[in-house]
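To keep things simple, chains are lettered A, B, C, D, E, F, G and H as they appear, and every chain counts its residues starting from 1.
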């Protein structure tokens, strides 16, 4: 946490945003900002304030228009148009920033697995989040269960991860199937991919919640950031003793 | 169809039941009777009337109490307490009854596959129905996807069927997984097995409707009879040219 | 399956698509591609790869823009703007490709029946799918039950099919009514046609799932491809002994 | 309306019940009492108060226990255990009570049609209500659409009614089919008959609301009284000019 | 019904439309056409065919674009942009067309009542339908219950109608309140007016289905045509003895 | 707050219950205990602890069995079997306990209005809560809108209250109608009264949430305590300046 | 109420709008107009009529286009583009207009608290409404519970209000948390902020309805006006004895 | 895995149960058995087979009747009537069984936190599961947010855990609040506690899925076992490098 005038501030009042500068101390990582309902001017103020406090920045749900403006304003940042994320300062997180626990610059391993190509934007949001946390991430795409040999072919890339994120829409059977092969937590992300009775991801959500595999927990529909964050937490803890 | 006094009756008016005696001619099989909301007296009249017409009888959703009474009244019948079915005259369907098409006494092959032991009553209803239609039926139980080697071990019993019925509750991933391995239609039966967000079978129903496998169609929750009937129709047609 | 350098590949890794080349061997027909969320470049790669493997191609949910581009790129292909399908190589499926079972070039008969004119796009997707499988298909349109003489007039075109697909929105009563007249499986497709309490096809879906006709199974809302595929499987099996 | 001490009372305050004695003047018929949540003592007070006011009595949703007690207390009354109704004073409604309009003692014709035998209790509630209003009622039972010849056989009993009540559960296709044959209003009553995705009558309710027949309106699930009341109103108006 | 070459046709096959020319004989009024999913060319063919058969025409859900084209093509017709209806030949229905029953040219009285100004389009669809049937219709608008004196002020225009149509969104309390004041059937139309938990009319629909007034039946959300049609049927029957 | 050994405790750890002794200081009234899932032994410990702290006690959702035991154990308490409440120390709330604000022993006025007799248990829970808070409460029962003169007759008892609680099931139109007559907040309690499409109170809940009256807010289905508590807070504040 | 020609009118019939001029007498404040479905011409007529009657004006849900036109037409008015409100005559409400009760020009205190910046439009609608009623309003924004120190820092601005409005989407935990800290009613407004399983505000709505804090009642999703109005009523009553 | 006759079996076919003996090798822990739909005889066979294979046993959802029988049959086992679990062989998991990774006998730390006393059964299922996995577990009960000081008082017992399980019904705000204080994953379990609009846990489920805290993932309603299992996996991995 940055020292502004001799005093550690916990909250930055930016008018319509009340930034939680203390999040990193309490929760291990800085506040990640939901970009969807904030205009570019607000986002710039938020980013600048975090950088002033020497906190790495991750903004999610950033449209292409906003992303282009942000990339111009912060040349050190990187916009991913598929993931709709904007990141500044991901790499080289100074380990001394983490307070009492020592955290290596890069550590742990997460696999993100998708059922189909339509799940790509969510999978990319997962990957950007995991890497921003200083954890390595392997993307394994389009291994839906209707072609069962496909998962078999890529299993070696999945087994042995610290956490697996499964991204799937429609009936989302992949979460249960992957869960049966691994010994780590699986975070399942239902996606709004599908039509008709997929109901914008409800079918996938219910399928994942009712998974017969004991190691599967679930996040909100399309919530790639949250799944990536939790997977990153698990991977990071494992190596941060 | 039985000739009563020189005239083929299409409907038998039994007071509160209007029995469709013409069903066999139009649809290939006699009317199957839903037993849940009918008392034993009514069921006896229905059964007797069908037997008078020389039509084989299948009653579904028969409670143990009613089943015991029916078995006593019709010693030629058989009550299955797990399936909750009562059958009279399944075997030895006279092939000449089928009109223009010739039907062998026993023919075709259906596999019924369950995800867990709780799906047994529905699977038994499937099996009773299929066998009543003169089709052989193989029950493969408890091969849910969380233990993926289990399905692999029994695949030879499933592949090569004329139709497969998959019975599963919770997230019902098994329907999609089986669908990816076979070249015949899969009829999926969601079951009300599960708790919480399984919502009495809705999660399984939605999962099956959204199956990524192209050969999966769906029937109502716990509708073992209907799934068995459709599987039987497919198996029967195949051999009845 | 095509032999590429002496070795049968089961999966083609095209980057964001992992094509299931083994589908035809396992399931009887090549992988059909869901076109909605894939861009034209990806679709072209997929089509080319399937053609390289000498597999007939069916792409569904292809918008007019994409369809026009694909038709230009693959002059042997045919785009159906109502069905939103793109087909290459439907006809003249080499029967020797089917492995141990011998399949005639054209065989079986499916009827697709619609309740109203608004159900036409789904019915066309059914027809394109059935014909791509080498099965003949008769479209019977606008015979909703409010004008009951209409169905009576066309019944001879429906009775005697190997399978019937009923396409209907709103209350979808047509599925049950047709089911009562035929001796083959009925695959019911609820459509998102209607307004208010049709809830984008939910009313039709529930109606079809609760059909009092024993031979009716159901697929997802607007899932013309899946219904056609299953009907085609049934018709094909019947003649492929 | 009875004159109590020279003054017409509009409301009778019976403690926990505030009886609407003015209903008959405003709406043509006395207040009908929903019996489900009232104890026998309360029901007796209500009945006595209506009789004191010379208003014919209809109580609905009366359990067998309560019905037996009421029948003992009011020997002129009649309890129908299937319909769960208790009636006193149905017949011989004094026509002079209807104010300016003259109403014959018995008039009009309603048909109540059911899809299956399980719909009987609701159909009986319809019939009791219609007859209590002094309208004749013909019950046509078990003509569900899966046996299409059944409806054809009874159509002459339905066509020509002043109003038709269709009582059906499951997919409730019967309402639309009947609606296509008649030139009078059809009041559709979804029933909670069925299982699984019938969702206690929701499927039937949605089906009826989305009926493609223009003359179909709908009442609450199992609301036999309301459907009968509206049918009675229509039949009564027709003859009461 | 028009005699084409000595033979009464019951159905007109117009390609994608199968017009029910027999509707008028069976149901009292010609088929009304749902215009939403039909293009102008189809609508023109339908209208011409009905006019050739000397049947008055009502098309509903006609967008402004289509309406303008139809009005140009059929100068005798009238397009109502609020109701989105197109009518040809409403007035002067030849009474001899109604077969055995004699119907006066204009007769009966319907009141349509709205809760708010946003319900106007649906109310206008009701009015156009009622008047097309040869029944007079009085529109009483914006009498929602939050200002209770408003309904009191207009009650004399409502009481005494043959049928009342109540059009309301949000909580739709108006249907019950009006129901308590009249002695004729009330047909309630929930509208999709509102926001949030009105869920596009579901709240209003449920409110109307659960109305404590015994004379209220319900049609689909925004189904002005159907409500008007049923109200017209009731008004017409009353005078057509 | 009671002083135990010179120190004000904020929380009492009773094993499986962690009682909030500080509630009264923060929120104006002591913690009210939800009795449904607690056994009698636990409830006794909770009551004793509150009495030790000189805080008046209100337990809700107390079954008759538990209520009888509690009444025996705490003779100063009073069990209301309709409301399912147990109260000790309601009357004579020492005003000095309220800290900085002075509260008279009895003050303010709340009216609770029900649509039907079935709403009585919830209305009684409201009344018990309001009176426990030292506010007077007038119960006005069975004034549903189908008999509109009934509300008119009792309006003088409602107008002029500090807050009105409307308790209604089914379509719950009463909340909006009452809201249009008063100048104070209306707290609406949907009840699970009704059948079919009332869906256990959902119809009433949605109706109340969509009320066109601006002064209506809503609490959970059957939440008589909460509605009474909020009404009591409003009445109390008004007089506690 | 304005005297037009010696007679107090209760309702103004403006064609498609029936304005409730009596609302102020009955309910304490003039009718507030829902602007969403009314065109500018209608709104102008409504505003002018209210001003003629000397009633202060509040129009909600006014789009920017309409707001700009209204501001030009009524220079004394003020359009708030975030709140989408148009106000004329908020300040200086003549206290003699309130009839028998005396109301000071400005009085009471309401706090509106938001969980995130996306809730701003609803919070602004709350504030505009409260201030139009002559009550002061303090906006406390972006104090969602994930950064718990934020609420602690602003608690002094919230505690001591006459009523608190909590505006929150997603899981809406803030309502319960705030409810635990204050001794006045909390009116909770669920917002449609969020994605996936927030279902347009349903998750927040359910969360608020199930709040474990006893002082929380709920209004419709995004219903800022209604929450502000109720909070204003409470604050106003407190000071208007 | 036990060696039976020189061969490691992966599956044990027990008739209606197909036990996954390979689960421990693939997933780190033996198959846990869902006891709800299995009779005692079946459970005994399952337990014996697992013990024969030297795998520690955990059965969930065991009713008191079954639990008593099992405890008699396996004296080494322990039945927890609150948690409804039966455990044999929890302690002294031989670390050499875990293959390549070394696992200490007891390790890691999980906190389970409940909102109310009604959540106890689920919390106990969590604790039994965690401890069966050889991880220590601290239960912190009844710290719902309406009494905010309660969570503050117990925070030291929660912060510093390897994973936290939050068990809450109703609005489930506790998950988000706890999530804001800790730097480890939070697994949220919605419970079916509550009434009315809690809808058997749906409100809690949606609240948890929409949590604004980034570290919260969710399992099925009342799924204490699954939450405990995932928490145990996280705690175990952390120490098992």
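By our rule, a contact is a pair of C-beta atoms (placed from the backbone, for glycine too) under 8 Å apart; a residue touches a chain by one contact, two chains touch by 3 or more.
If you're wondering where the values come from, they're calculated on a predicted model, not measured in any experiment.
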| item | value |
| --- | --- |
| Identified repeat of the C-D interface (over half of residue pairs identical), from F-G, E-F or B-D | E-F |
| More contacts between chains, B-D or F-G | F-G |
| Whole-Å separation of chain centres (CA-atom averages), chain B against chain E | 45 |
| Approximate Å spacing (C-alpha centroids) for the pair chain B, chain G | 59 |
| Inter-centroid spacing, chain H versus chain B (mean Cα positions, whole Å) | 38 |
| Sequence positions of chain E contacting 2 or more other chains | 116, 146-147, 180-181, 196-198, 202, 205, 209-210, 214, 220 |
| Chain pairs that touch, as defined at the top of this document | A-B, A-C, A-G, A-H, B-C, B-D, B-H, C-D, C-E, D-E, D-F, E-F, E-G, F-G, F-H, G-H |
| Touching residues on chain G, where the partner in the complex is chain A | 116-118, 120, 141-143, 146-147, 149-150, 153, 193, 195-198 |
| Complex interface listing, chain D residues touching chain E | 26-28, 32, 162, 180-185, 187, 205, 209-210, 214-220, 225-227, 229-230, 233-234, 237-239, 241 |
| Of chain H, residues touching chain G in the complex | 115-116, 144-148, 170-173, 175-177, 179-181, 194, 196-199, 202-204, 206-214 |
| Chain E-facing residues of chain G, complex | 10-11, 16-18, 20, 22-23, 31, 34, 36-38, 42, 190, 192, 200-202, 205, 220-223 |
